Structures are given as C-alpha cells and as structure tokens.
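Shared between the two complexes below is chain A, which pairs with chain B and chain C, respectively.
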Partner chain A sequence: MTAPASVAPAIVARGERIGDGLDAVMRVVEVPMAALQRLLGAARMPYVFILPNMLLFTVFVFVPVGLAIAYAFTGGTNLLIWDRPFVGLENFRALLDCGSYLEPSTCRYNLFWTAVHNTWWYTLLNTLGTLFFALVTALVLNRLTRGRGFFRAVFFYPVLLSPVVVGLIWQWFLAREGLLNGFLTDWFDTRIIFLLEVGWSRAWVVYVSIWFHMGFFMLIILAGLQAIPRDIYEAAEIDGTSQWRQFWCLTLPLLLPNLLVVTVLLLIRSVQVFDEAWVLTNGGGPGTANTFIVQFIYQTAFSPDLRLYGLASAASVLMGIALLVLTLSQLWLAKKAEV
Partner chain B sequence: MIAFLTRTRHPGRFDLTDWLAWGWAILGTLVVAIPIAWAVISSLKTEAEINSFPPALVPRAAQTITVDGQAKPLSMWVRTMPDGSEQTVALVRRIGLSATVLDPSKPDETFRVPVAELRQLKEFHLQFSNYTEPMKQFNFLRYLWNTVFVTVVATVLTLLLNSMAAFALSKYRFAGRNAMFALILSTMMIPLSVIMVPAFMVIVGLNLADNLWGVILSTVSTPTGVFLLRQYMLTIPDDLIEAARVDAASEFRIYWRIVLPLCAPALAVLAIFSVIWRWNDFLWPLIVLSSPENYTLQIGLSSLQGQFNVQWHYILAMTVVTLLPVTVVFLFLQKYITEGVASSGVK
Partner chain C sequence: MTAISMKDLRKSYGSLEVIHGIDIDVGSGEFVALVGPSGCGKSTLLRMISGLEPISAGQMNFDDQRVNDLSPAQRQIAMVFQSYALYPHMSVRKNLSFGLENLRMDRAEINRRVDAAAKMLAIDGYLDRRPKALSGGQRQRVAIGRAIVRQPRVFLFDEPLSNLDAKLRVQTRSEITKLHKQLKTTMIYVTHDQVEAMTMAQKIVVLNKGKVEQIGRPLDLFERPANLFVAGFIGSPRMNLYPGKVVSTGSEGVTLDSAQLGRFVVPAAGIDVQSGNDVTIGLRPSHLRLGSAEAGSSGGAMTVEQVESMGHETFVYGRTGQSDELTIVHVPGHFEAETGSSLAFTFDPAFAHLFSSVDGRSLKGARI
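And then the complex of A and B:
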C-alpha cells in the first residue's frame, strides 16, 4: 500500500519537470514570433507561416522545373547554367533522330530508344499484371469474413520495403545458388541464371514490380469495393442472380471509375520505373535489356564520362510531357468518378 | 479452430468460391513471405554455406572437434566403408582424391581414405557474426547513423513546416491563399525523375552537394503532408481560435498551443509516412551523396552489391537490418498505415 503513495509524487514531479522544460522551449520560440507579429501586424502572420514551405518548394521544385526546360536547350558538359552555350533544339533533334522509331538501332541515340522500348513494354505488362492481381486480391479480401485484416497487412507489407531491399532479396532468391535454382535442380535437374538471360530477366523485373507495389493498388480497389452498398447484392441474391453474374453486372460497372483511376496511376508510376529494377538487374542488365528512361536520364547526366546535362534534360522534358498528359487524364477521370 | 476457419458469410455453406478465396489468400501469403524469409534465413548462414549448392533450408555449419595433438579443430565426417558400415572420422588434411583422417577415439592413428567415401557432418548453427562483422569491416555504423539522422531531422522539419503551412491555409483568409494551395498541390505532379538534373544543380549552387542537409532540405516540404494536415485542421472549430485571440494570445501561440496539439492524430500519420519515406529514399541520395562516409544505408547497401567480390552473407544481414525498422513500425501501426493509404491514396 505504501509503494503507490511514495511513487506517485515522484512521477508527478517528473511530469512537471518535463512540462517545465517544454514550456521553456516553447517560450524561446514564442517570444520572437510574438515580437514579429507586433512588427508585421496579425494580418501578415499567415504569410510568415507559409513562407518556409513555399521557399523550399520554390528552390527545390519550381526553380528546377524552369531550369529543366532551360537546360534542354543548352549543350556542353558544364553543370552551371550560365556556363552553358545555347544550342536551340539540337538536343531534341539528336534524341528524335531515328531511321525508324520501331527499331532502336537505327537511331542516333539508340540507348534512349532502347530505354523507350523497354519502358513501353514494362509499362504495358506491369500495368496489366498489377491491375489483374490487385483486383483479384481485393475481391478475395472483400469476400473473406475472417482474417481480412491479417491478409490485408500481409499483402500490403512489401509496399513499405525499400527498393534496394526488394532488389537484393529477389536477386538472392533468383541467384545461381538461390532457392529457386535449388528447387529447379531437385525437380527438373536444370539451373537457369535468370538475371543474365534477356527474356527471363525482363519477366522477373515485371514480376518483382508487381510483387512490390500490388498491395498499394489492392488497398485502393478494396476501398472502392467496400464503398459499394451491400443491399444491392442482397437484392440480386433474392432475384437468384449467380455470383458470376453479380460480379460482371454489378461489381465491375460500379468499380469501373475506381479502376480507371488506378490504371492511370499505374501508368504514371510504371513510366518512372528505376530503383528496384536498377538494383535487381545490377544497373539495367544484361546488356541494356532492362535499361529504362529514368536510368538513361540518370546515366547521361551523372556518369563521369558523359555529363550530358542538356541531353538528359531534353529526355526529362519529353518524359515530363508524357507524365503531364497522364496526370491530367487522371485528374479528369477522378473528377468524373466523383460525380 | 476448424469451426473458426470454416466460418463463412452463409453459415453452414462453404462453397467453391470460398475455397478459391482462401486458396488465393494463403498462396499469396506464401508468395509474399518466402523470398523475405529466405533472405532472413540466408543472412544467418556461414560464408561456406551461402556459397554451397543446392542450398540448405536451415542455417548449418560444419561440425568440428578438438583433438589432442592437432593444432586446429578438425571437421567431422561420416565414412561409408565398402561393406556399407559407417564410421565417424575427423579430417586432418585432404590431398586430391584422398584424405588423411583419424578416429577421434584414437587420436594418434591417422589413415588415408578416398574422398568419395566421406560425407561431411553439419549441425544447426546461426552465424550472428554476419551482423556484427560489417559494423567493423565497412562503414556500416556510419551508414546507419546517417540514415537515422536524415530520417529524424527530415521528419521533425516536415511536421513543423507542413503544419505551419497547413495552419495558414486552413485558418486564415489572405490574398493568394488559393493560388498558393494550388501551387503546393501541383508539385505532386512533378516527380523527381523529371527534375533531377536541375535539382542537383540547385544543390551544387547552395553548396550542399555530398552533404546530408542536401538530402534533407529538398524532401522536407511535401504536398501530401500539407494537404493531409490542412484537411484535418479544417475540422477544428474556429471558435476555439477566436476565444484564444480574445485572451490576447499571439498567432504563433494559437498555432503552437491550440492547433498543433489538436492535430496529434494527423501529425502521427504524417510522421509514420515521413519516417518510411526518408528511410527508404534511394534516387535522390544517390544523386546528392558521393563520398562513402556520407552514404545512407540504401546507398551503402546498393554500392556493396556492385562490388567485384559480392559478399552475400554480409549483404543479406545488412538487408535484414535495413528492413527491420520499417517492419517494426508496420507491426505496431499497421491499422493506421493501411487506413491512411486507403483514405487518402498517398504512399
């Protein structure tokens, strides 16, 4: 009985001490801010509040956007914009100089067009694959009456991992001495060096991306599914509608706006593929089989022997335009979905 | 247990679609878990075990024995003799296809046997030195410290600056408010991959290249954070703020003492996301940081993998260390994270 009585005052005292400490810190910040308010007047205080944020956005986003366009029209290997000669449309002309756009080897910068082709195929397969698996998983989770929270957590977990971790985990899984090759040896008496074969490595890059990001899109689709009112299904049940028909005639049409938004979001993300593919394939290999547009920009700008900032920026601007079109169509679709 | 597992929407009916749904969920769980589990298991194997094929499913190490008269511990082998009987021996040395072995019970008599008759004895063993060695051999502790520094500082600044901007946008009417809000939201549309070259030039211009502050400052203001906090602050009644103003509280005091404490749930969600974002950042630190003593974990890890002699036992251990904090955060705050993603569509 004595212990609580003797401990309680100590805790209270410690709490007060911490409170006093915080108070002191707060006063240190409050006093100059109150003085600032007397100087500027209360009406100008919102500008003070928003200033730091706007300053950082200006320096790290708005200025770079302007600079990216400016860079695209300059040449040379100097980093600072005022040291760079103006070359007009030369960078764009170089990038777009192609015998045939379907055949990267006929282009002046064939690596750029290889990257465009790779990105195009990746985007197509990754979007379709992720959409399929995310939709089916969301439908499954929506159906489960038990364990939904657990499975939702399991499927979402990879989303939180870092691209480097994901790339390394899968590189180890697919390695020459990896688990998959262990099973292949056991069952088929064969070994495949997955990441050194063009076809296999491309397939695995798409697969790992789906594995990595599927949970995020599944959550969005699941939220859309749970927004569909239950009584519609009850009515269908009373009418004796089969589950298959319920899916095609009720769920899918009601979910369509949600799915369209997810699809465009997927396209936007897929076009920017870089991190996990770069780590998984040791920098876009084998050869250039998994070199994507962002990697082309990164290498063209930052490889010590290239430093072609203008060319990289021109490629950035082209990709930015593609992303802008996709983003605007997403906003348009999202607005339509709300109505 | 069975009753619990077979409970369905229609009591007493467990039809084909239920079977398919459970099958998909369980199969999917395996697909998610196996590669991660394999990395964790492998991170506890010895270097010899990691390079041996076919791989063992549990971490093992060679069984050894200390024998009188031998300087080093000897590895244990099973010898299958031509008549089919087995004998446990210790390997002294191995030359070509024959080996010199001894019987541990008679340490003085060595004899030669063909290697083909020997099979190594292994025992369960967890190689924890994979986790401790990189701390000494590489700058691993340095990477860890850099990452913690970037994550903590960037998160604190994100909470502070974004909540200030959100406060201004939600609780005041001033010229240019809507334009500024639109500008902040528009930055969501500009991914780093489009502006990385000029953003790096800005960093060089500010003399922040190869500096952790260059990594931190450009990530501090997030449109997601401003948006999330603004929406939350809109729900705080204005009467509260008016009452404080009547009591002659300064505007900053209102923000600091009234609005901020009331925003704790939204701040917590943003803090969770910020920690995960900054811990996992890859492309931007890769561009900004160039000397190894400034590397973050992610950059350090990816640079080790590119080296000529890939030491997978260390890389895997460091991979596990890197994924551990995010996993712990997720285990405890899973509900808030999935709900935050589902309701706001941010990641």
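And then the complex of A and C:
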C-alpha cells in the first residue's frame, strides 16, 4: 500500500529534475539566440530556425534535381558533369522523336515510348482499381462495429513490407512451380504461366500493386469517412433518404477532398512504379510488357553497355514535369472542391 | 396534428437499462419540453420518439398507430439537431429541398414550400449560400426550415439553441414559440435549460436517471414540485433547502423547528407528517426578504459570502449557521452588502415547501 505513495513523489522529483535540466539548456541557448536576434532583427529569426532543414533539403533534393536537369542537356558517357559536352535540347528531341506517339515502334527510342504506354495503362488500371477497392473496403470497415481495428491492421499489413519482399512473395506464388500453379494442377489439372504471358503478367502486376498499397489509401478514406458527422446521416434518414442516395449525395461529395488526395498520390505512385514490378517480372518481362518509365531511366543510365546519363536525365525531367502537372491539378481541384 | 403516447418505454444497451419504463402522453398540437440534467436520458428518449434509436420494450403510438418498428421517415417526424446537421456541401435551397426530392415531389411544389419556409424564417436572402457562409442563428433557421418544408406530424428539437449566444437564444426562443402557434403541430423539445422549458413549453417532463420525476405545466412544477429533485432543478437560482423537524401538527398547520430558520408554523392542512418526523424545508430565493421578522412571518440570519448584482435584481449568497448549503436571497433592484457582514432575512411560512427526509417526496400534495 505504501508503494504508490512513495513512487509518486519519485516521479514528480524526476520530472522536476528534467524540467530543471531543460531550463539550464534553454538558458545556455537563449544567450546566443538573443544576440542573433539583436543582430538580424526579429523578422529574420524564423529563417534562422528553418535554415538547418533547408540545408539538408538543398543537399538531398535541390542539388540532385538541379544536377538531373543539368545532365539532361549534356551528352556522352562520362560521369562527371564537367567532362560532358553540352548538347542543348538534343536528348529531349531524341526522346520525343516519334512518327506517332501512339505507336512506339515509330519512335527513335521505342523502348521509352513502350515504357510510357505501359506506365499509362498501369497508372489507369492501378489508380482506378486501388481507388475502388480502397473505397469499398473503407466503407465496409466504417460500418463494422466489432473487429474494425483487427481488419484495419489486416489490410494495412502489406504496406509495411518492402517492395522487393512483396515482389518475391508473389513471384513464388505465381511462378511456374509456384503455389497457385500447384493448386491449379491438383484441382483442375492445368497450369498457367502467369508471369510469362503478356496479359496475365500485366494483370498480376496491377493486382499485386493494389494488394500492396490498398491498405494505406483505405486508411486515408476511412479517416475521411469517420470525419463525416453522424448526425448528417441521421438527418438524411429522417428525410427518408435511401442508402444509395445517402452514398451518392452525401458520402461521395463529403469524401471528395480525401478521394482527391488518394487519386493524386496514386497517380504519382503509379507513374513512379519500379521495384516491386521489376522483381515480380524479372526485369519488366515478358519482353517489354512490364517495362515502365523508371525502369527505362534506370537501365538507360546504369546498364554497363548504355550509361546514357543525359538521356536518362531528360526522361526523368519529362516524368517530373508530368508529376508536377498532376500535383498542381490536385491542388487546383482540391481548392475547387473545398466544402 | 398528432398525439403521442408512450407506455412503459424502455431502452437498454446490452444489460444496461438507461430508460426505465417511461409513461408520457403528449396531446395533439402540444408543445412539450423534456428537461433534466446531462445524462438523464432526455436525448435518448427523443431519439426513440424519432425512430433513430430502437425501442427495447414498451409501446409508442402516434395517434392510434403503433410506431415502434417504423423508420423515422415512416413516422413522418422532423428533427432539428443541436449541431444543425445541415448538409455542408449543399446550398441552403438544396438543404431545404433535399428531403422533398426523396419523396419524388413535383418540382413546382418543392419550390413553393421552400420559398414559403424561407420567407417565414427570413432566410430567403441566403438561399444560394452554403451553410458555412451563414451565422449560427441563420444555420439554426435553415435547420428549422428543413423541418418545416416536410410538413411533419411531429417536430422534435434536440437542444437546438445550445450553440447560440445568449441574445440570439432569446430571439430564436420566441421565434420557435411563434412558429408553434402558427403551425399548431405537436412539438417535443429537449433542453437542459429550464428557462427555455419554462418559457416555451405548455407541458414539462422532468427526467432524472432515465425516469420521469414529474410532468406538469411550467408553473405547477415551479409552485408544486413533486420532490426534492424537481424543487432543485426547476427555478433559478435553486430553491434553498434546510433540515427541520416536525414539532406538532394541528388545525392551524404544521409547526416546524429548524436550526437555521427557528420555529414557525406552515399553514396547510392535510400534510402527511407526524410529530418528530425529520423533513426538508424548501424556500425559493424570491420568497425570502431581507430584514427582521415581523408578525406572521419567520426568519433567520446569514453571513454574506457573495453578492451578484444584475442591476435590475440582486442575489445575496450567505451562510446560515453551520450549514454547508448557502442561502440565496433574491432582492429586486440593486443592492450592496459587505462580504462577512450579517444580514437578517424573513419569509412567509405559507410559501415553505416540505419534503420527506426519507425519500425526498413533497409532503404538500404535489401532482405527479
């Protein structure tokens, strides 16, 4: 019985010691900061506080982006930029040199346009598929009164895995001698070479991506659903609104800001697809059926027989512009849809 | 106009019963207020009436129709929520017409009803605005408008004024009262604010811990509270309560002795007490007068602890004897007194309420 009484003062004393320690640190920091404020003025002090983060951001984001843009205007295979000749817009011209953009074989760099086509279809199917399944799952979970936390964790669990691990797991599952084919052989006496047939392999790449990322987007949508006040639905119920009309006229419009965020994140993530698809399809196969833009950039820059850093950078810049357009569209749409 | 009858109404969540067999009759076109402290079950009861909350046991009838298993829409009720519950992405016009569109009503009729309600509530200038562009009072009127356009059998209000400032609350209070007179529809109004209940309702139901404490006209509840709970809940500031003992009973009334109030006779016949019974004596602050006792009145003395002056009236809070409870005296106009000073007060024993010290029920024959 005496333990709690003796523990509580100990906790208070420890808290006070920590507080005293922080006070001492603050007194030491306060002197130079006060001097700095006198020197620069109060208006400039916020910039002082964000300077450390801005330095890191500059080193790891601005400089690489600047370098990529600079490389995009250079040619040759030398790595160091000062050893590389300036070629102006030649890399962009080469990438965009096409008889018809709808027919990759008419393009000078047909692999780039194959990758663009593949990425476009993947982005479309992955975005719509993930959005649909994430929305349906979130709607169902939002209705659950029991076990919501458990199922939320179940659906979110794949998000915690590494993309390479995801690729490997599904490769084992879908391989010629994999689990799924074992099942098909035992039960239906048939075997499908999922990862070597164009249609099947593309479908599985999209499916695995949906399975992998859906939990994350489902959480965003679920948070949006839970933020809609319950009494709005009660008012609608009193108004005699059908379930379908409640979903169409209340849930969807009120969820629109979340759906927009999810859509744009999905678009960006889809355009950037690489690792799990690369591992799953053994490097974009069969043939170039699952070669995506980032894989093209990677191979163009780092394949020992290519090392076309300028061309890869130009492709990166084009992809960056596409992503920028998508992001700005999201901001514009979000502002327009603001409730 | 619809009459509502509730018989032995109960609500349970699992094994926990929160509404314990309530019997209430609401007359056709009547304005009834459900009052009680937080957690007493008044909002739950309103939601049971609306159909938003299933009824665990008992029977609810709208006129002669049993509505226990009917949906809110089938009951044809309209409800105004505390939070307004307006559809935030719709214009005011759309908010008003949404429920009518569910009924596949003719567009011309929808427009006619919306325009009429908007005009009645003076929101016709904001029909194209979204709720976020409206003030609290305007939002409240839109919520009421949404209820009006459906021409429901019963209006239900769930603390509709609690998010408004004091001035707007008074104004909206009178608007709702006016609306009731105009529409003559049955209205059930939940509030924890007894001033709202006293000023708006024709009948008040006082609830406590899921049970009805008293049902009656506002003044009946004020003048003849059925028990200590109602005595303490109805009336602001609360009734002063003092412990006392019955000295004798006779034709002239009941003679009481109290440490704070001295010995006095309550002139009432038929009070159900015997000599030696412990009782609780209740006196409204407005029934106490500052000054020494004169013939025919009784009194006590208090040490002033606090004076609240509102300009047109003053409440003096003081300690009488060793009692923990402060005595409150209502003084018309402005009054000043030093904290710690001693003041004598007097009262007419005819206004004294008597309650059983055993179960708190009124001993002066209140109606339940």
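Heads up, the rule we're going with is that the second predicted complex is superposed on the first by the 273 of 339 C-alpha atoms of A that agree within 3 Å, B and C clash if a C-alpha of one lies under 4 Å from a C-alpha of the other, contacts with A are read in each partner's own complex, and residues count from 1 in each chain.
In this section, contacts are C-beta pairs under 8 Å (C-beta built on N, C-alpha and C of every residue); 3 or more make two chains touch, one makes a residue touch a chain.
In this text the structure is predicted, and so the values were computed from the model without any measurement.
Report clash or fit for the pair chain B and chain C bound to chain A in the combined superposed model.
Pair status: fit.
Using the superposition described at the top, determine whether chain B or chain C touches more residues of chain A.
B
Tell me the contact category for A:211 with respect to chain B and chain C: first, second, both or neither.
The answer is first: A:211 touches chain B but not chain C.
Answer with first, second, both or neither: which of chain B and chain C does A:159 touch in the superposed model?
A:159: touches chain B, not chain C.
With the two complexes superposed on chain A, say which partner A:245 touches: chain B (first), chain C (second), both, or neither.
A:245 contacts chain C only, not chain B.
In the overlaid three-chain picture, which partner chain does A:57 touch, first (chain B) or second (chain C), both, or neither?
Touch status of A:57: first partner only.
With both complexes overlaid on chain A, does A:26 touch chain B (first), chain C (second), both or neither?
Once the two structures are laid over each other on A, A:26 reaches chain B alone.
Is A:234 contacted by the first partner chain B, the second partner chain C, both or neither?
The answer is second: A:234 touches chain C but not chain B.
Between chain B and chain C, what minimal C-alpha to C-alpha distance in angstrom results from the superposition?
7
Over in the complex, which chain A residues touch chain B? Could you list them?
It comes out as residues 26, 29-30, 33-34, 36-37, 42-43, 45-47, 49-50, 52-54, 56-57, 59-68, 70-71, 79-81, 136-137, 140-141, 143-147, 149, 151-165, 167-173, 175-179, 181-182, 185-186, 211, 216, 219-220, 222-223, 243, 272, 274-275, 279, 282-283, 294, 297-298, 301-302, 309, 312-313, 316-317, 319-320, 323-324, 327.
Can you check the complex and tell me which residues of chain B touch chain A?
Per the stated touch rule, the residues are 4-5, 7-9, 17-18, 20-22, 24-25, 28-29, 31-36, 38-39, 42, 50-55, 161-162, 164-165, 167-169, 171-172, 174, 177, 180, 183-184, 187, 189-191, 193-202, 204-206, 217-218, 220-221, 226, 250-253, 255-257, 276, 279-280, 282-283, 287, 298, 301-302, 305-306, 312, 315-316, 319, 322-323, 326-327, 329-330, 334-335, 337-338, 341-343, 345, 347.
Show which residues of chain C lie in contact with chain A when the two form their complex.
Result: residues 50-52, 71-73, 77-79, 81, 83, 85-89, 98-99, 102-103, 130, 132, 146, 150 of chain C touch chain A.
What residues of chain A sit close enough to touch chain C in their complex?
Residue list for chain A touching chain C: 229, 231-232, 234-242, 245, 249-250, 253-254, 339.
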